[in-house]
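Going in written order, the chains are labelled A, B and C, and every chain counts its residues from 1.
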């Protein structure tokens, strides 16, 4: 295990503070989680923003599968995940939230998906874990923790315990590292 | 999921569920302002239609274009074609251009299968004779899931020309695989031999078929059979097997009415039933694009490798 | 003339009811002696140990396509394929182009056969002019030219009045009228057997009753006229039953069944392979069983191939558009041998169905191996395993439902008039 529930919650709280420090006009904030791992993190960040600054930030989820550059590489296509955007992105400051950023390709796909939805004022990226094997010039604005790994490893956020299925706030979070479990560039 | 989509017969339930779930996500894409995603950018899809069908061809074309594929329509009447070159020659010629998927419609059962046996590209059957029309059945299942929340345990009545209907066959296989009960009814001349072998119940009357049905599907009477000898007259067909609100009372109160289109108004369905609830005909059409996007997403680009036996 | 001694085999001579170990000496084109432990100085020796020594097979129903459709088959290629399958006598159907409804065509076929065919060829003439089912052909002149039977095979004489006259008139020449029994109004475009398979495939069905109705009519007409009716390619349990009853009440009727209708059911068509499309179509498993039983009971007299060559491009089309029929000479024995292995037929019954019975129906001097009979002999190794590849066969066409099939048992040697014309390891030996 790379990160336990308490560490994750601490990191998210710190990231919420950073978001507040960096953005002048907080009323335009729109947290967009990338399924699956980014969605519970985006929700937790929104809760943190409410507690810290009394802010009701919009939360959405955006599937990147149809924008991925590797979608057709395999015989069996990656399953699609829900996209639920409760509001237009125009003129919003969108923070893309993902559990792990590695090559940067998912963030690239998410930005393309986002730009097809409208014209945000700005796009920022928040990631719980940065593995650092960047293949594209993608910068992360809010990092939970930098964790160097092998490129063949799989690093992923898992929910456990009560309410895990539904992604309830009390579900325990953890980030696991599975050595050699991912293919090249995962 | 298997490469290519030739029919619903033999398709695993899990694969049907995968297609439906993918289709629901595709439907969300269709509700955006920009209804286009780059997934199949640079990919080409050939619509190979030997039988004219503006509706199905357009549906596949929109689906392909929403996924950013290049869609090439190749239409030819089989009669002019068979004189100059064989169907397999045509298909092989197109395959040599390395398409990522070939969508085939033909008026004779089995042609998409024969073509698929020869091609490296995955073949999607867009309707072959009286055999199968898998994407129609899948979009019908999608519509039922949307309306009823499930298929398992539902009672489905399919009414009309079962013998000559590919829509009926694909839907029979689809609904049965997904756990529904299926009944068929129509003029005895339009019920195929040993239809029970498909797993359905052949009802003796429209009323028996409708009794307690959750889903009522009326089939189109093909134009060339309107004047045929399989039933005495259109008036008699409409009176015995045409659906209207009065006859629909035998079905469940919340039964929905489906039709693959285009409707012969006053024959298969009364005018007002064709247009309004409980008919869901336009939802079927709408879901058709999303469903075909799902099929293209799951299939396009999966060309057989040269060493694989074809 | 050369002498051939066939030694050490199991002799199956159904005409004489013989099934025993015996040697066979052929001389001057005929059987010179039958017996055990024979020696023959200077004779060519054929080792038949482990083999069945049978009268050369007689096919009373084949399509050799010449004249007119030589791209599918001709008399030379058909004759070579025939002897490769053990057939030493072949009766060829009249649906050539031009139709064999004129003594000149009959002459032409026999002339070509004399020059090019290793098998003996017997033309069947059309029953009606142009196979149109309207006007009788000149039966007397055709028999004089060499026709052995009359048939509009491939088509059906739907007009019962015409059929009655054809049967009545055939009594003048005392030759069988062979009928392709299918009621066109019931077939109505059907391409596979009507039933669960046609329903699954979504292809138009051809109901069994189309054959049964027609056989019933022709049996009544045969009874009325006293003519010799021969029912070609029986495919249904209903027709077998009608034939059984008619035989019991003394109607002069004979019947044949094809290897494919004995071995394959309509489920073979589930892959839409046009090489499973025949007329009549492959029927249900129950029909197949009834045909096997009919053959075992003697209600069906003969096994006939209905060898029907079609070019690859003609079969590589939509199932509905493909011409019906399959080639059959080179696989016939191997396919029906399964019935012997399954205990449905004795080897002697099989020999009768392939030789003496069809010879009797066509009144040919063939199908027997007693002293003085023609030296037409087929040797079968019932244990030899082989794989059938139509591309390596002798027919010009490849439309077989058995491509790539592994078989046990095959024809290893064929002799016509005492001459070796086929050897499994050396091929067809004919100039």
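Keep in mind that, in the parts below, a residue touches a chain if its C-beta (ideal position, glycine included) is under 8 Å from a C-beta of that chain, and two chains touch if they have at least 3 such contacts.
None of the values given here were measured: they were computed from a predicted structure.
Note: the chain lying farthest from chain B is C, by mean C-alpha position. Put simply, the chain closest to the centre of the protein, by Cα centroids, is B.
Chain A and chain B have Cα centroids lying 39 Å from one another. Look at where the CA atoms of chain B average out and do the same for chain C: the two points lie 45 Å apart.
In terms of their C-alpha centroids, the spacing between chain A and chain C amounts to 76 Å.
Listed in rising order, the residues of chain B touching chain C in the complex are 9, 78, 82, 86-88, 106, 108-111, 113-114, 128-132, 163, 166, 169, 192-195, 197-198. Per the touch definition, chain A reaches chain B in the complex via residues 63, 66-67, 71-72, 75-77, 79-83, 112-113, 116-118.
Of all residues in chain B, those touching chain A in their complex are 1, 3, 18, 21-22, 25-26, 28-29, 32-34, 36-40, 43, 67, 297-298, 300-302.
Taken together, the chain C residues at the contact with chain B in this complex read 194-196, 198-203, 205, 207, 271-272, 313, 316-321.
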